[in-house]
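Listed after this line are the structures, all set down as structure tokens.
What follows is a pair of complexes built around subunit A, which joins subunit B in one and subunit C in the other.
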Partner chain A sequence: MQRPTLFSVLVTVIRKDLLIEWRTRARINALVFFAIATLLIFSFALGPDTVLLRKNAPGYLWLGILFASVLSLSESMRIEIENSALDGVRLAPASARAIYLGKAIGNTLMLWLLTLVILPIAIALFDLSVREGFARLLGILFLGCAAISAPGTLYAAIAANARARDVLLPLLLFPVLIPGLLASVKATGVILEGDVMHQLGSWVGLLSAFNVLYWSLGFALFPRVIEDD
Partner chain B sequence: MRHWLLTLDGTTRFLLWSPLLLLVSVLALTGLHIFVAQARTWVWKVLLGIAVVMIAGQAVLGLYWVPPEHYMGDVYRIIYMHVPQVWMSLIGMTINFGCCVLFLFRKSWVTDSLAEASASVGVYFGAVGITLGAVWAKPTWGAYWTWDPRLTTAAIMLVIYTGYLALRRFVEDPDKRATWSAVLGIVAYVDIPVLWFSVKWWRSIHQEQSSPKTVDSLMTMVLRWSATMFLSLFVVFVYHRYLAAQAARAREVAAPELLPPSSSAPAVSS
Partner chain C sequence: MTTAFEIRDVSKRFGARWAVARLTYTLPLGQSLLLTGHNGSGKTTLLRMLATATFPTLGELTLFGRDAREHRDDLRTDIGLLSHASFLYEDLTAAQNLDVLARLIGLPDRERAIAQMLERVGLVSRTDSPVRQFSAGMRKRLAIARLLFKAPKLALLDEPFGELDPEGITQMEGLIRGLQAQGTSIVLATHLVEQGQALTTLRLHLENGRAVSA
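Presenting the complex of A and B:
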């Protein structure tokens, strides 16, 4: 029997995660309602000022995704830590890097799915209009979810084993995410309000650079996080 | 009183070189401390003495001797505290990054403890330096804080490294703590080049790094004096945090085979 390639392991890990999710659909349900509740709370906190709400909508949307992502990321690692499932996966045998890519892509897909569900709700709540094309908006949302998942998966693996992991993950993750989140919010805002100043390119550039950097860092460093010696 | 030394004639010109001489001696003492184990009991005391004497000298030089700046008047004098302290913070984070990389290549409690020590001292100097910057910004910019790239990246740096130190507190297994925090330290360091170059890359309200070419030589001299003073303090601080970290490791680790054979972990032998 030959060793499985990185790609086949990666696909298997993604399929496994999505299958676990599909059987209960507990995580996506919780995420969607949590994100909607966050969006509602932001609107209540600001009051019924539609102009301000529409102006700040990209920020609220991304904060909703960010808060939900913490739940999603820690849950995705909790199922691996429980009953030492991760050790079983590694003995399969699956290389640590393939597991990282699989988990991170799975998390990205999960977050993107969440975004697709709450986007219409945000559009309705804040009375938004998409001026620069819907496909572009979905692309930006995907890049932003990937930017959250790359360091998020790495940090979730660290925090999952530590004490007070629910405090630790946001504490470690949020500051690192600030440049990626800023670029996502700005790019989303530009798409919603129209690219008058031609600044979409630079924000997408920053977001892509953030993605490249953190996906490579995660790919390089993840084996050291889950090794057991 | 203020301009008693301003005319730099043959007898006073040597003063311009004094920071360089002091810097060389501080670096030499630091090297002696690192490479000669017997010297470790007293070198830090000498460094501390140098720092204390230089603080007194700094009070005279920075507050009275140097002339006020053309545009900002006396307000600019905070540069002699703000700039070197942020430099020390960046040096601390750089040492932390180096230790993290080294640790992942070869496990050792020395690099682990040094990483912890340099990060905590770096956070200290960063917090003080940024606070002093805010004190300077109120009369100069009209606000303590603005959301400018330089200030934002500096704030991110503080929060990231506070998270790094928090992770070290939250993990009890010393092996895992060392590996994970090394990974975290490498990811965290991404912010530092962005912080350094932010004033060149973006249009920032914070001024760019000055060079000795554009600054009066008296001011350059006092700034270098101050930086040398903080560097010797930095070495003393890091050494003491390192001792504390090593003592904590020695208490946690039952079989200290990863510790170096010789004297750099004094608490182990007892």
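Presenting the complex of A and C:
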């Protein structure tokens, strides 16, 4: 028997995660309702002032995604811990780094799908206009979801075996995410409000650098998290 | 290479407790070993070390003549572990669980292989049922199917008869004999000593992580 390649493991892990989600739809249903509830609360808290709503929309959109991401990342690792399924994949054998990439890409896709579902609701609630720069907005949303998923997958694995994992994950994750989240909010705001000061490039640069850093760190460190040395 | 594994002065510590202490043993290739001992005697820890799921705190462990820690990725292709944990995804069906493994190990003609394997372990009628609906015995059957899929050179079986009905136990014995006929080295940990002795030629008894005469 041959050792599987990094690519074959990565594809198998993504396929398996999406298949589980397709069969149960547990995660996406919970995420969508949670994110919509968050957006509604923020929207009603601000009241009917459309200028204020538009100004704060990027922040509230990303807070909704951030809060929902904790549920998503936690659930993504729960299915691996149940019956020690992750050990089964690891001993198959599958490289820990390939497992990381598969899980992190799967988490990114799941979060991006969530943003695609809640975006029209955010547009309606916060009276946004996205006719210009819609493709760029989707790109920023994707980069932002990737920025949450890269450290999120690593920290979800660290927290997975802890008794208070649902508390531990946001405690570990949120401080780390601040630069990536700030860049996502600012880049989204610039696209929605117009880029008169030509700031988009800088924020995309910061978001891309954050992604490169944390995808590399996750790739390098994940074996230390799931391998028992 | 003439040994399936060689343990030299191996100890494994969890916190302040030594689960395995200064254990030395060699299993020749193709031989079957019965591993006995009370609960907490270190059987599962030893099996997990042999599976490269965990590694010794002290001492040296080689599998097929190669250092376990250093060559873990290569060695894992030749080792199958039937553990207390089933390694199964609850929300996938029996066939989908085997398909995940088949894709990882690059098995050709997956659909046919999966159907044949489910037939072999008596789960063909539950091919498309999610594992969540399975009884403990059915999970055990599917877990052994995962092990057989790998056609390992070293099979590590932790309480393989647990949760099985009499028919399942007979079937499991047949599967173990089948592995032996293929030249697979086997380590069988069980509390059913007579049943285990009928299937093995060697015995290692553990007490508090140490080898003692049974």
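The working rule: the second predicted complex is superposed on the first by the 226 of 229 C-alpha atoms of A that agree within 3 Å, B and C clash if a C-alpha of one lies under 4 Å from a C-alpha of the other, contacts with A are read in each partner's own complex, and residues count from 1 in each chain.
Everything below uses one rule, namely that a contact is a pair of C-beta atoms (placed from the backbone, for glycine too) under 8 Å apart; a residue touches a chain by one contact, two chains touch by 3 or more.
As the structure is a computational prediction, the values presented were derived from the model and not from experiment.
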Quick one: classify A:Asp49 as touching subunit B (first), subunit C (second), both or neither.
neither
For A:Asp166, using the defined touch cut-off, is the partner it touches subunit B, subunit C, both, or neither? Pick first, second, both or neither.
neither
Quick one: classify A:Ala94 as touching subunit B (first), subunit C (second), both or neither.
second
Does the superposition put A:Asp127 against subunit B (first), subunit C (second), both, or neither?
neither
Does subunit B (first) or subunit C (second) touch A:Leu217, or do both, or does neither?
first
Chain touching more of subunit A, residue-wise (subunit B, subunit C):
C
State which residues of subunit A lie in both footprints, the one left by subunit B and the one left by subunit C.
227, 229
Within the complex, subunit C is touched by subunit A residues 1-4, 8-9, 11-12, 15-16, 19-20, 23-24, 79, 82-85, 87-95, 227-229
Going by the contact rule at the top, pick out the subunit A residues touching subunit B in the complex.
151, 154-155, 158, 161-164, 168, 171-172, 174-176, 178-179, 213-214, 217, 221, 224-225, 227, 229
Given the complex, residues on subunit B that touch subunit A span 104, 152, 156, 159-160, 163, 166-167, 170-172, 175-176, 179-180, 182-184, 186-188, 190, 194
Interface residues, subunit C side, partner subunit A - complex:
51-55, 69, 72-74, 76-79, 81, 83, 85-92, 96, 100-101, 103-106, 130, 146, 150-151
